[in-house]
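Just so it is clear, A, B, C and D label the chains in written order, and each chain counts residues from 1 on its own.
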Amino acid sequence: MHYETIFQEIYHELQSIENIGRVADYIPELADVNPDQFGVHLTTVEGDEFSFADAEKRFSIQSIAKVFTFVLAYSRVKSSIWDRTGLEPAGTPFNSLVQLEYDQGTPRNPFINAGAIVICDILASELASPKENILSFIRSLTGVNTINYNPMVALSEKKTGFRNHALVNLMKSFGNIRNDIDMVMDIYFHICSIEMSCRELSKAFLFLANNGVVPYSGERILSASRTKRTNALMQTCGFYDEAGEFSFKVGLPGKSGVGGGIVAVHPEKYTIAVWSPRLNKKGNSYKGMLFLEEFTTKTRLSIF
Amino acid sequence: MHYETIFQEIYHELQSIENIGRVADYIPELADVNPDQFGVHLTTVEGDEFSFADAEKRFSIQSIAKVFTFVLAYSRVKSSIWDRTGLEPAGTPFNSLVQLEYDQGTPRNPFINAGAIVICDILASELASPKENILSFIRSLTGVNTINYNPMVALSEKKTGFRNHALVNLMKSFGNIRNDIDMVMDIYFHICSIEMSCRELSKAFLFLANNGVVPYSGERILSASRTKRTNALMQTCGFYDEAGEFSFKVGLPGKSGVGGGIVAVHPEKYTIAVWSPRLNKKGNSYKGMLFLEEFTTKTRLSIF
Amino acid sequence: MHYETIFQEIYHELQSIENIGRVADYIPELADVNPDQFGVHLTTVEGDEFSFADAEKRFSIQSIAKVFTFVLAYSRVKSSIWDRTGLEPAGTPFNSLVQLEYDQGTPRNPFINAGAIVICDILASELASPKENILSFIRSLTGVNTINYNPMVALSEKKTGFRNHALVNLMKSFGNIRNDIDMVMDIYFHICSIEMSCRELSKAFLFLANNGVVPYSGERILSASRTKRTNALMQTCGFYDEAGEFSFKVGLPGKSGVGGGIVAVHPEKYTIAVWSPRLNKKGNSYKGMLFLEEFTTKTRLSIF
Amino acid sequence: MHYETIFQEIYHELQSIENIGRVADYIPELADVNPDQFGVHLTTVEGDEFSFADAEKRFSIQSIAKVFTFVLAYSRVKSSIWDRTGLEPAGTPFNSLVQLEYDQGTPRNPFINAGAIVICDILASELASPKENILSFIRSLTGVNTINYNPMVALSEKKTGFRNHALVNLMKSFGNIRNDIDMVMDIYFHICSIEMSCRELSKAFLFLANNGVVPYSGERILSASRTKRTNALMQTCGFYDEAGEFSFKVGLPGKSGVGGGIVAVHPEKYTIAVWSPRLNKKGNSYKGMLFLEEFTTKTRLSIF
């Protein structure tokens, strides 16, 4: 496929649509990003790469990092991970706290904030140096050793993260956090601050399109079966309150972040990462969603 | 593939697992079903069919019928259907009423009870003789003219359907039901009472695996794009509070009913219907779920 | 006390405050009421009466009637009434349905709609001719035989009462409604339609200020202990989501209705009924609340 | 009245009832209390005192302290206190967090934990040395300078107070906490740890029965009007999810704590404090509730 031509076409089509999205502004590091940047990168399981615009520019991947920490925990504690978090879609954001209370401290899935915090708690127990180990894992997926945390972002997240602190305390009150709260939240706020480019994200997710094996290194990250399950989980839970919308319109498993990035996986075919900082009301990239919808429509490459 | 051999293998493996499920017992017609019946039927888009055990025995399809009414409404009112219902997974069953209240009478998706009732209201406005027209539609999908409502089941549903009456009244209070409540509920309780066999269900769903066209008649039911979207919707919303679990373990879009039936769709390949009346705690067929999990594992045929 | 002078004083003070309230408009019979009418009537346990303005004009007492039906049920089934309804304040109106669901069909108290419907169900089981018997009871409390239902209001309530139908169906699904729903709701919609004047309401409530005995007839309605308990219940639950506000500012037990009426009881002293149709956002009479606040402030006659 | 004789009578009557309550056990200091201690003390506004059993033994007053901090804040910031907390009963405990979320960080009333934490935040802004000043205030109400915090209890509360930390963080996320969270919670956990005897509590509350003036010192704490309002607030909100029950059965405004203490106020007459460590399921003293119910029944001294 001439993906780059398609990228250009869609990009120009979308130019005519006013971007009514708004950049995340709860921390200065996100608020100050140039909102009109745009990048997209596709990598096939055969190793072909297709880029457009700011595909190599790094941005704050935010919640996309929850896939990396989930995979790392899942590869270590296997099915016992489901004693600590559910795997069902979360319903309305409004319900986040009452749901935690109703389910006695067990988050609905590992991709909502509460679930990602539990995953950090699992990694805090499992890893010798959690923050270093997580970073090494992501670097090994991409082969890029300069990928790093942004300490300013981590600090800003911590300073404004009162709702996340409410979640972790509520879970701790139910016994579903085993380690010290500050230590767990330090990991959590750091993973939110990781910076990667579309190209790096696309490559880092490639094992999920390749039955669990990193193509360029041959390293197995997850079994074929657990890889499928991870993709299924992204399909139902990867977009907060918009998982149904994304599934409906794009038709691929994926994960978004409030930095404006989205990564989607076409099993056995490719991964695609897109970045556009302005967000829709649900907190997903406004143009990123439209771009991927157009992309799977034009290429007829949805899983459904 | 020698699907029948695989069916036998899985069936015998599952024999060793105690079926801890329980038959639905809120109406006598379901409570009195022989709980140990089992059937499975697979139809490929090329027209090959594979059967095992009670594949031709009819049972109460219950909520599986919500796919037929949704498709019929979607094919008529197109995207304006989303003015009346959302398309996101529903979260916990506990929240059903509060969610309707929070979302001011708009159900989360067309496959929860509230959403299916709204779809019946749309069909009541759109169709000349809703009950007859729905039945004709299902018959035309299968070519079997003996498919019918079970009036005893419809009556029992009505007599015990207080919670569904609560839902329709709440939605009416928000203006999201346009027709007379009793008339809408009469349609709703009837569609729940439709009886079909695994073979008939598998054939009726085949257009969803075939880009919207009924293979044996060539009739187009939905556009290719709307077909993909319907499959995506089943993936995220087809199993009540267990959509994530089914997606995770089986990896195909599908829909279940409390009669013990489940239909799953592998786009561009096949549909499979399985029936085992005992239900797990979430109201989905206990052995049916296990059977399909084993089936996609053995055949490595998940969409992920 | 020269209560009439005080009434005049307060009335004129309140004239200078713009009445920002709005008349209930969900049924035409309430929407069409002249919004600027005002009446107040106080009756002491010794039999003295003090009137001002439209004190003898009848209006729709609406939820105030829930006190009469509660008292009638309480006098018959005694403490077993608490098997069917709680006696705690209800929290936010938002929660009405979820609370019913959480408490498995048991309303929080007999003065919220759900609770009053359960009381109607109890009376449907207890009384030979519920609607006639309830009317006779109210007439006997006042000695006025022309007090009656307004059938137009009852019909309008029924036509628009979808949310109340949602409540009764939800409770029926939990087994907390024993009689036919339509029959119970017929009673409920009728009691909401009763019309009385401030004078009649003040006299009808007098037994609650007189240890359970109707002063002018000597008839005992409730024991002294149950009378105190009924007053306590009005104190904590009589004003929907504003029970705390009324208790805080007025300091007397009482009950309001969306017709703009409020009755308050000063145990061992008097009852006072006030009527002003414009309602505040919580559905209680805007000037009625202010009037009673001023009244207990000026007379220093609160129970606290 | 011969209150001491009545105390004895009731005490002996209650001896025949098995105490099915359980001592609070979330911190060792409460779990280790001798569960069968019992004390009661009544002080009239004229200065007469009536004691029985362990009336002079100090215990952990826990949430009873919320009345002291509320009064202190109310006397300083006057009506602007209601910009920070509501004054309505709270509904089910289940709703605590969702209600905070629904009401955007504003607690329902100052006597639930969230509300008391907001009051601590107000005092942190208002007072030079909050912990010292609060202690001085309570000492001045009783004239007893040995009343103090129990630092072990405060520490245990802090160590186990994850749910309270969830509440404060959620409120901070909505901007309803102005000071540093740790500083506010340090005040909160300390006030929970105050130790007083029934005699001291009864005396400390006496200004609430005396129109706002401490009888023995003549010091005015609150205006007469604000005193009535504080009593009204205790009536509707003083017993968590059992305010209706207490109002219904006892008929006096009051406040309870999980240390097993209850204080009730009969305006213009007396205050009474009772202590019995075993709690009912709602967290209020099992025998304390029964004792006060019997007491107001025998003396016919309820406000209703």
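Things worth noting here:
Assume contacts are C-beta pairs under 8 Å (C-beta built on N, C-alpha and C of every residue); 3 or more make two chains touch, one makes a residue touch a chain.
Owing to the predicted nature of the structure, the values given are computational and were not obtained by experimental measurement.
Chains touching both chain C and chain D: none. The minimum number of touch steps linking chain A to chain C comes to 2. For chain C, the chain whose average C-alpha position is most distant is A.
With centres taken as mean Cα positions, chain B sits 32 Å from chain A.
Taking each chain's centre as the mean of its C-alpha atoms, chain B lies 55 Å from chain D. Centroids of chain B and chain C (each the mean of its C-alpha atoms) stand 47 Å apart. Annotation for chain B: residues 94-95 touch two or more other chains.
In terms of inter-chain touching, the protein chains here make up one closed cycle, each touching precisely two others.
Going by the touch rule set out above, the chain pairs that meet are A-B, A-D, B-C, C-D. Taken in their complex, chain C has these residues touching chain D: 86-92, 94-95, 99, 102-103, 108-109, 224-225, 227-229, 231-233, 235-237, 241-245, 247-249, 251, 253, 267, 297, 300, 302-304. Residues 94-95, 97-98, 101, 162-163, 165-167, 169-170, 172-173 of chain B are the ones touching chain C in the complex.
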